[in-house]
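Read through the structure below, which is laid out as structure tokens, and then see the notes.
In order of appearance the chains are A, B, C and D, and numbering begins at 1 in each one.
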Amino acid sequence: MPGRPLEELLALARGARVYDLGFDLHAGIPHFPTHPPFVFGLTKRHGEIVIDLPDGRLASSSADAISTGTHVGTHLDGLGHFSCNGMLFGGAAASAQSYETGLETHGLETVAPILRRGVLLDVAGLEGAPILPKDFSIGPQHLEAACRRQKVEIRAGDVVLLRTGWARYWPDPATYVMGGRGSAPTGPGPEIDGAGWLSRQRIFATGSDTLAYEKVPSAMQVHVHLLVESGIHIIEVLNLEKLAEDGVSEFLFVALPLKIRGATGSPIRPIALAV
Amino acid sequence: MPGRPLEELLALARGARVYDLGFDLHAGIPHFPTHPPFVFGLTKRHGEIVIDLPDGRLASSSADAISTGTHVGTHLDGLGHFSCNGMLFGGAAASAQSYETGLETHGLETVAPILRRGVLLDVAGLEGAPILPKDFSIGPQHLEAACRRQKVEIRAGDVVLLRTGWARYWPDPATYVMGGRGSAPTGPGPEIDGAGWLSRQRIFATGSDTLAYEKVPSAMQVHVHLLVESGIHIIEVLNLEKLAEDGVSEFLFVALPLKIRGATGSPIRPIALAV
Amino acid sequence: MPGRPLEELLALARGARVYDLGFDLHAGIPHFPTHPPFVFGLTKRHGEIVIDLPDGRLASSSADAISTGTHVGTHLDGLGHFSCNGMLFGGAAASAQSYETGLETHGLETVAPILRRGVLLDVAGLEGAPILPKDFSIGPQHLEAACRRQKVEIRAGDVVLLRTGWARYWPDPATYVMGGRGSAPTGPGPEIDGAGWLSRQRIFATGSDTLAYEKVPSAMQVHVHLLVESGIHIIEVLNLEKLAEDGVSEFLFVALPLKIRGATGSPIRPIALAV
Amino acid sequence: MPGRPLEELLALARGARVYDLGFDLHAGIPHFPTHPPFVFGLTKRHGEIVIDLPDGRLASSSADAISTGTHVGTHLDGLGHFSCNGMLFGGAAASAQSYETGLETHGLETVAPILRRGVLLDVAGLEGAPILPKDFSIGPQHLEAACRRQKVEIRAGDVVLLRTGWARYWPDPATYVMGGRGSAPTGPGPEIDGAGWLSRQRIFATGSDTLAYEKVPSAMQVHVHLLVESGIHIIEVLNLEKLAEDGVSEFLFVALPLKIRGATGSPIRPIALAV
């Protein structure tokens, strides 16, 4: 019967619990110090310009402007965000880039809509901690133990999300970014052994609820390994609290990065569909 | 069997044809003259800052900044974008708004992820024209005829997309925005009778491939009717060419607006999933 | 005696009354609807990042980001802001311009620091009105009468400022931009006859306290005449109230436009030195 | 005789050599990593919108948008840029600040136009080096020796500019910002002893041709000493090459910071008038 699979898809989508994994965007949200902050302002306020409608009523419109770094708030790292020895993933020259138009290859406009199996590995839950300490290194042993504990397996092409609990620090920028007092971004995450375990699963992307994804301070080896060596996207600043609270380990992960030509990243508002 | 519906959902998503309904974002894209343009620039170029990796290799990163109006490129109009006689949809005061923090009600952070049945009504196709003329008014008769011709019905809660063919003018801003020479935005779309027909179907949102959605120049009555009177979102600057080319009339429409607090609109990259 | 003229210059500068002709920049200031608004936000708040000083005290810094159109607030129009029949002042092709890098000729980086004789013509004062009405056309007769009344003459190379009194509307954007209710910029200023009188004096620049300088609505002939045909800069959104109040007609006018490469305009904060 | 001092001032200004101490602003200029870069884009290109003039000619306009950190390019540090133990200069609470509206005290709108005696101390010239090495500390002995060598004295209220020669690195961001390869801003300048010598002269402001003014890396003690303890403004990213080449040691220094409400800094385009 024609239309049957669409009706099924619509029914599944309608019946799914939708988890919103993005944070609100507004002035003052935490951001990596080297990425420009999110800035907002009206372009026009209601009542500034008033239009007479034919029926005598008065209409008005309001609109806004934003400026932001492309790695601010919940966002996706494009593969061109890092280079190693002058090369991007696949061997393209990192120098093929201009200040005005960005990257010639791996720009965000080349990233397809993401609809993939998602897996949450709740490392904080595994450790029995509401929030992992700032120097916690997520290694293969934690990833494997989390899979066992949650009875979930990783498949090629998946999006694997690691929960550290740092989303709870979001309202306090100094703690979210630096783990407290200090001047260098600091927080838990995988180091090279954890990242290597993930890349061996041939996943599509991995993300977490921290600002830097990898354990920082670092020489950013995990970014190099995932983006440059493995072609695996990184997603940062996810809100994973509700998923974990509800014990959801598997879901359809959906993210639709803006096709910013030549860009190294894009704000996203990802969701998890659990059925 | 546990997990069965998720496997079905994943299989349906994997098997679906994904239509990308958003345009690339870059300097010079068409924009309504009163909305700030899309502006892009690097914050850091590969090679500017070089980090020594422990193994002797040299890492570098690059990143970008953007600034843009929230109604530029493919985007969603929040319900607070228009007011009438000083009131927003539902009766909230339009004056409850500040230049720095935006709307107190109906801000974009209140818009849930959109996963709904989508319907394309190909009005250009109905008229046998590659592109509708700039003064074409899409009335109830066209909407009904398009439904009949495409053998599709509208249901409450749908997202209804109207194709005028103007996406083909996208590479030429003067034509896309003003239909050629001039200084006022001009283009085809529904007037109040067409909009009234749509709102009577109790849809969730309607969009088109033009800049203004409604036929312009106008007093913006259609925006007032849909956003303020009916609580129906408007989506503008969609690329509907491929959907029409493939004769796709029904699909799962997915859009994930950024949760910009207090904002009247958000850039989106919507997709249609056809199965 | 060496250094003597510098001591004189310093003494004159020190003894001068300095009139500040610019307005504050902040969210919500009036702007021409087609120019992006002034938007401000912190990049970092005091206390977010704290540094230990060697003596045990705690230091912190704060910083900001802005985005704005280059024709917003008190600003200077570069000669490349308008074109006529495809040509800029002097005959350069207006098409020699890109979205990313701006104009190839007449970019703001080519505008020298401005230190010139300034003359205020108080047209509102001449008319005995605190504020000129929105449809007031400033003609040669007003300019000549103002010169006579104020006992001042125009010289080649001068900067001539016209006072309409509209600076008093500044706190109310709808009135400042549109003269009240409406949707098109509206306000007093010279039409082509007044502008022709000014250009015949071979002045360097002319400005006023309105948003558009010329009487609007218009086809912008005055901008074309001054910028494109005459090579005379236009300065808009000046605060001339204090100068007029003190009856200052002649002064050293100083403005230091930002050298924004390829730009058509720049925010400035001009001053008048009266001695 | 009325008007006499103005004619003298005009004659002095006209006869002066004007040194432009600011750099061009464009995509890709060096910037402190934690300050958002300068980003530029057109809002409208010539020919996009065409207006019919009454005489049959066709007019068009073009305009631009920028976004930038307020401490990018040649700029002035407001006194509120740094705090110490939670206090700004004069004892105001650093916490009296919001992400949307900035500082309650010491915002840039409070900085008067700057027209003051300026002194260049050419420390690079003193050392017989075209460019000082990146770890050079400018101490009291260098400042005193430069005064003696240039036969110039410092007076209360002056603006004292220190030349290191780093302006020559401006075209190469990695060298200008970090002195070559690395990830932390690095360069020559005063440490606390040099800054203390300057503050004891009760000057109004001091600047240099580097990004950070003080010798970096540092705990930013010099910023704290000058801005917070002494109420002395800092000016960064000056182009002092031509002044030094011409052997100009004394001049009228003019800078007109934008009155950005609540801001901690402003781009400026300062000049030196030598007579």
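In the analysis below, a residue touches a chain if its C-beta (ideal position, glycine included) is under 8 Å from a C-beta of that chain, and two chains touch if they have at least 3 such contacts.
Keep in mind that what you see is a predicted model, and the values were worked out from it rather than measured.
Asks: Pick the pair with more C-beta contacts: B-C or C-D?
Replies: Most contacts of the two pairs: C-D.
Asks: Just how far, in Å, is the C-alpha centre of chain C from the one of chain A?
Replies: Distance between chain centres, rounded to whole Å: 44 Å.
Asks: Please report how many Å separate the Cα centroid of chain C from that of chain D, as a whole number.
Replies: Using C-alpha averages as centres, the distance is 23 Å.
Asks: CA centre of chain B versus CA centre of chain C: separation in Å?
Replies: 38
Asks: Quick check: what residues of chain C touch more than one other chain, meaning two or more?
Replies: 27-28, 33-34, 36-37, 40-45, 47, 51, 65, 67, 69, 99-101
Asks: In graph terms, nodes being chains and edges touches, is this line, ring, star, complete or other?
Replies: Chain contacts: complete, every pair touches.
Asks: Touching residues of chain A toward chain B in the complex: what are they?
Replies: 3, 5-6, 8-10, 12-16, 18, 20, 22-27, 34-36, 40-47, 51-54, 57-71, 73, 80-86, 94-95, 97-103, 109, 112-113, 115-117, 219-221, 223-224, 228, 250-252, 254-265, 267-271, 273-275
Asks: Spell out the residues on chain B that touch chain D in their complex, using ranges where they run on.
Replies: Against chain D, the touching part of chain B is residues 27-28, 33, 36-45, 47-51, 65-67, 100-101, 173-174, 177-178, 181-183.
Asks: Touching residues of chain D toward chain A in the complex: what are they?
Replies: 27-28, 33-34, 36-37, 39, 67, 69, 99-100
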